[in-house]
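Below are two complexes that have chain A in common, paired first with chain B and then with chain C.
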Partner chain A sequence: MTSQPTTPTTTATDDVVRVEDLQVNFYTQLGVVRALNGVSFNIPRGKVLGIVGESGCGKSITGMSIMQLVASVGKTEGGKILFNESAGGNPINILDYERNSPEMRKIRGNNISMIFQEPMSSLNPCYTISDQIEEAIRLHQTEDKVESRKRAIEVLTKVGMPNPDRIADSFPHELSGGMRQRAMIAMALSCTPTLLIADEPTTALDVTTEANILDLMRELQSEIGTSIMFITHNMGVVAQMCDEVAVMYLGRVVERATVDDIFYEPRHPYTIALLQSIPRLGRTKGILASIEGSVPDPYSRVTGCPFHPRCPVAIKGVCDTILPEETIVDAAKGHTVRCHLYS
Partner chain B sequence: MLNYIARRLINMIVLLVAISFIGFFIIQLPPGSFLDVELQRLRSLGGDVSRDQIKALELRYGINDPFLVKYWKWVERSSRGDFGTSYMTDQSVGERIWGRLSVSLGLSLFALLFTWLISIPIGVYSATHRYTIPDYVVTLIQFIGLAVPGFLLALILLIFATRYFNQQVGGINSSEFMDQPMSVAKFIDMVNHIWIAVVVLAFGATAGLTRVMRANLLDVLNMQYIQTARAKGLDEAVVIWKHAVRNAIHPLVMSLGTLLPALIVGETLVAQVLSLPTIGPMYLDALRAEDMYLAGTILVMLSGLLLIGNLLADLLLAWVDPRVRLE
Partner chain C sequence: MAVDATQLPHTTATHVEDVGQIPQWQLMVRRFRKSKLSVGGMYVLIVMYVIMLFSDFLAPYEHNRLDSNYAWGPPSQIAIVDGKLSTFALKQTLDTERLQWLYVVDTDRPLPIQFFVQGYEYRFLGIFPSKLHFYGVEEGYQVNLLGADKDGKDVLSRLLKGSQISLTLGFVGVVISVIIGSIVGTASGYFGGSIDNMIQRVIELLRSFPDIPLFLSLAAALPQNAPVEIRFFMITMIIAVIGWTGLAREVRGKVMSYRNADYTAASVAAGGSHWHIITRHLIPNSLSHIIVVGTLAIPAAIGSETALSFLGLGILPPAVSWGVMVRDAQTIEAITTYPWMLLPVLVLIITVLSFYLLGDGIRDAVDPYA
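After this line comes the complex of A and B, so read on.
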């Protein structure tokens, strides 16, 4: 692990992506689901940002929004996603582009790429691994067939494929889950993107393979310098992978800190509860702590702090009426929290 | 792969032999024989047929031979390319079938092409524009297509063609071209005649296949690899046509195997209405007249087409989807 907890974040000046007050609503037949209620966070250049939260908190939607790949029932109704290709450059607002516009397609796969949760179904069964990797290379980098093939083999070698030439001509169904995820990573990195969005890339893998893939991603990250937005619900993975963490609850970022602060000085009651619900070998006695209640119905709106119905330290008359603002608890480390206990 | 094709071909021959045996057996099951039908016809014309004449006819057609002897004679001669003589017309069966089978086959292939060319793009459009007005319109037309019987549609088109386009309809050629060799003018005349049949045959099949294409594409569009393709920065049209359609087309390819003989037999009613010289009406007549050799040969040929169609469909599927490729 190479994270340096004491380094103050220089994020204010050099972010790859800065998401500001992002709001995404889903219009379904049952009603409106407010998937993202003003999400704000930044991804510092060359760092790994973990996005953590329960299912349905909006982690994946946030990732998809940056790629503009949210299903068409989901409407982005406010906010900005500022993407800065190189340090010191002029950031562009991704949301200014149409979903299927040439400008947006040029960013996708080239500047920002994505790895998905299901390695079993994220590769097209009808085309060989090399076909699928070369497709991206030819789209963004070179149209030369020999050159694109060469680069595909290179990137497959880079992700530690044992026999890249043979793997290149294999079909997805001929590979194991771990191999497929390596192939996906190879595809995502084939155009050396500035940002890689990894949406629970190891959730579907067994623990041994998971450890291998995480090591690989860490290695490649320090080698290529790609920034990573790592979406997960697994705190163990966060500890292993991330430099900084944003904790999400019901479509909002509730706490944002360095990885060490999250584990050693968590502030938000939700973060604390999340950490308490991790089983620890030999240390846990009795029943494992869990967060009371469950995530509220997505069609209803909770007044005040969205976490107050489940919060053990909620202040009556405050938490259930006023929505807490983002408060800075440690400016040097960039530690912020949305909770009335600290405002 | 070659090994696999060879195995399939051997299987097909065994199957054809079994089909011919059972088919021949069933065709001669009804009481009486072609001769009874023929005698009745002669008597109704007023003539009387003497016992000696009947004997002579029986001997000539081998009516009283045991089943196995008849079957064996037929198979043995068929293997030399002689499918026997039709009782009804005294013509060679091969000669009678050949002309009609080629018309049927041509018509079916046209209809098949038409079906695919229409149902794939419409199915794709319908799926990518789900729950929009064009999708509802397409769906409505599909249900009408499934519900209206082919012969009725043929009649309606006939009326339109004669009344508003002043076209000579029925048959595959106008009378002036009947006995002429093939020429450009004759070909154009033929197209003018068979488009009704092609449209009628294709309409029902198109309705069904469009529905299947739509449903399948909707499933495939939810797959993760479609998101992967989009995340690469591909244009939505490439995502749909290169990544989604290829995965959604399996049932259409598989239906090819059964569609070919279905189109050939399914046209019987339509062919009657349009008086097309296809195999369907002939098969029906042959069965009613207990014309065993003719009926038996048609049955075996249709079965052969079914088997060949299935083999082609399997090979095509293996080409489309690597997962079904066999070692």
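After this line comes the complex of A and C, so read on.
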């Protein structure tokens, strides 16, 4: 692969990242797992994009692909990931770089950073919080120890750590789960990245802490202007956090809309089913709706629309043979859906 | 103060919490102190090692000084005569019926115990030549606080001299096996694949040998007439070579789990070198475990040395270790008639027990949150 930036087609909107037809396959001993089958979406600058879907639909792999962190059994077999650092700048295709090239390492952590689900396993228990934050700063920003320490304290203050001076010298185990996640966010933001990928950052936390962390992220997002790609399976979190939503099913984006449209005007049967299966407080009667069947075995391939075996409104002879294309439902709001009902 | 619900998420920012007040090592010390037995074991061992350092100074006689006037001599009696701490001369007679030496305390001939006397020459800590000894009696007589063996060698002097070998050999052997075990275990766990496979098969091969015959054949191969230092070193190596396999396996397991941790993955992604990853992430995380396993391996190594010497394949006379002394005490005669010959066994038990208690305490302490 050459590390020559590709000139992209001119885009009307200013996107931080534009993923085009991304395909990732895993070659395992049991067969080929097609994790991503042509994922396309964009993350507008300064916005929060939510990626929702069931377990195994490829949410995390999408995030990892942007960081080029997919395990070596996973092969990126097509598509583009165009990253544009500043508005009006020249976007670069991340996939043009080798995963362990110096260029990729410069982007990773500095321009794009990531927060993971489990803050405890992400922090090394042997080093203090500031040690670990400073490492990233020293790697990407400044070599100076005094300066990096100052920045570490600054960023800890920014994420609302009480008594940041002391927290900086604490070990991970001395902090609560919420504080550890704050420390992780601090680390991710320490180099003021253009894009922050948050992979279910609040799953391991209790609801109160979750609310705190989400508020904090929202606040930091509007303050720093970082774009966020928020990966979650929790629709409640989506409603609270996101500006736009991409719903994924079996390695494809099936619906892409603003957060309001997703909740008030969902089009894809899968999105509708997902929303119906959320339990609501106060509703005591009736059985909670669920989606029939389960996600197909990852080694097999479903013909036609991947959702058709579970779709309540599948059209016989159409949905089970032809793969639906991405159709625009509302051009003004950028609402697109992959379903034969709308084509 | 009323709580404003809309400000809830941010109240933590100004609120001071008592977090990170106590450093981890202090927590460990606290946890360790809780276990009285371990603290006791630690103090016993500290005393033993201090005594070991001063063993030549404390011992009144050279460990292989013979004196037929004191063969199987009983522990000396101590009394205060004329305001002086004294022992007494012994009258030696032969019990012709049972062919035993009989000793009668001659109370008319008190021998005042002298302190800080000149005696045989030794090197303090192996460097400073000295002749000073803590105590002794008039030339021509002997004071055997813990009795004497069949050649009239002072048991206390031998115990003290023997500690120099018995207490260091196990320790040094374990240090060496910890070093080998950590290096091999880390390599095995970190690189994985065929390297891991090969190392594990070698370990299995080594472990499948029965311990005692392996010890025996290795020890039997040692030159019999080698100087004490060489023999000491070789036995240490035998103990180390046999002891590292278990540790290597444990380190491998630990390293494998830390290798998959997110912070290690991040280091790999950021281009960290193998050396950087191993020394910054893997070793520090496994260190507490290595220390615990090492501490618990020391008594086993001391036991191995004793067993070898007891079988006549370890340290050989005229050098002395506790194992050699236990070998001297293996006759029924020694057990029934001269019970002071069994003192080395008691000392060994105390040492090994103290190490186990200390190891248990450290194991609990390194994970103070468990």
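By our rule, the second predicted complex is superposed on the first by the 329 of 343 C-alpha atoms of A that agree within 3 Å, B and C clash if a C-alpha of one lies under 4 Å from a C-alpha of the other, contacts with A are read in each partner's own complex, and residues count from 1 in each chain.
Please note the rule applied: a residue touches a chain if its C-beta (ideal position, glycine included) is under 8 Å from a C-beta of that chain, and two chains touch if they have at least 3 such contacts.
Computed from a predicted structure; not experimentally measured.
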Superposition on chain A - do chain B and chain C clash or fit: clash
First, second, both or neither for A:Glu118, with chain B first and chain C second: both
Contacts of A:Cys305 with chain B and chain C, given as first, second, both or neither: neither
Partner chain(s) touched by A:Val24 [first = chain B, second = chain C, both, neither]: neither
Touching partner for A:Ala211 - first (chain B), second (chain C), both, neither: second
Chain B versus chain C as contact partner of A:Cys126, first or second or both or neither: both
First (chain B), second (chain C), both or neither touched by A:Lys106: first
First (chain B), second (chain C), both or neither touched by A:Ile43: neither
Common interface positions of chain A, toward chain B and toward chain C: 67, 69, 100, 105, 108-109, 116, 118, 121-126, 132, 139, 171, 173
For the chain C and chain A complex, residues of the former touching the latter: 8-10, 12-17, 19-20, 24, 261-263, 265-266, 269-271, 281, 284-285, 369
Of chain A, residues touching chain C in the complex: 67, 69, 100, 102, 105, 108-109, 116, 118, 121-127, 132, 139, 160-163, 166-167, 169-171, 173-176, 179, 211-212, 215-216
Residue ranges of chain B touching chain A (in the complex, touch as defined): 223-225, 227-236, 243, 246-247, 320-323
Interface residues, chain A side, partner chain B - complex: 67, 69, 100, 105-110, 113-114, 116-118, 121-126, 132, 135-136, 139-140, 171, 173, 184, 187
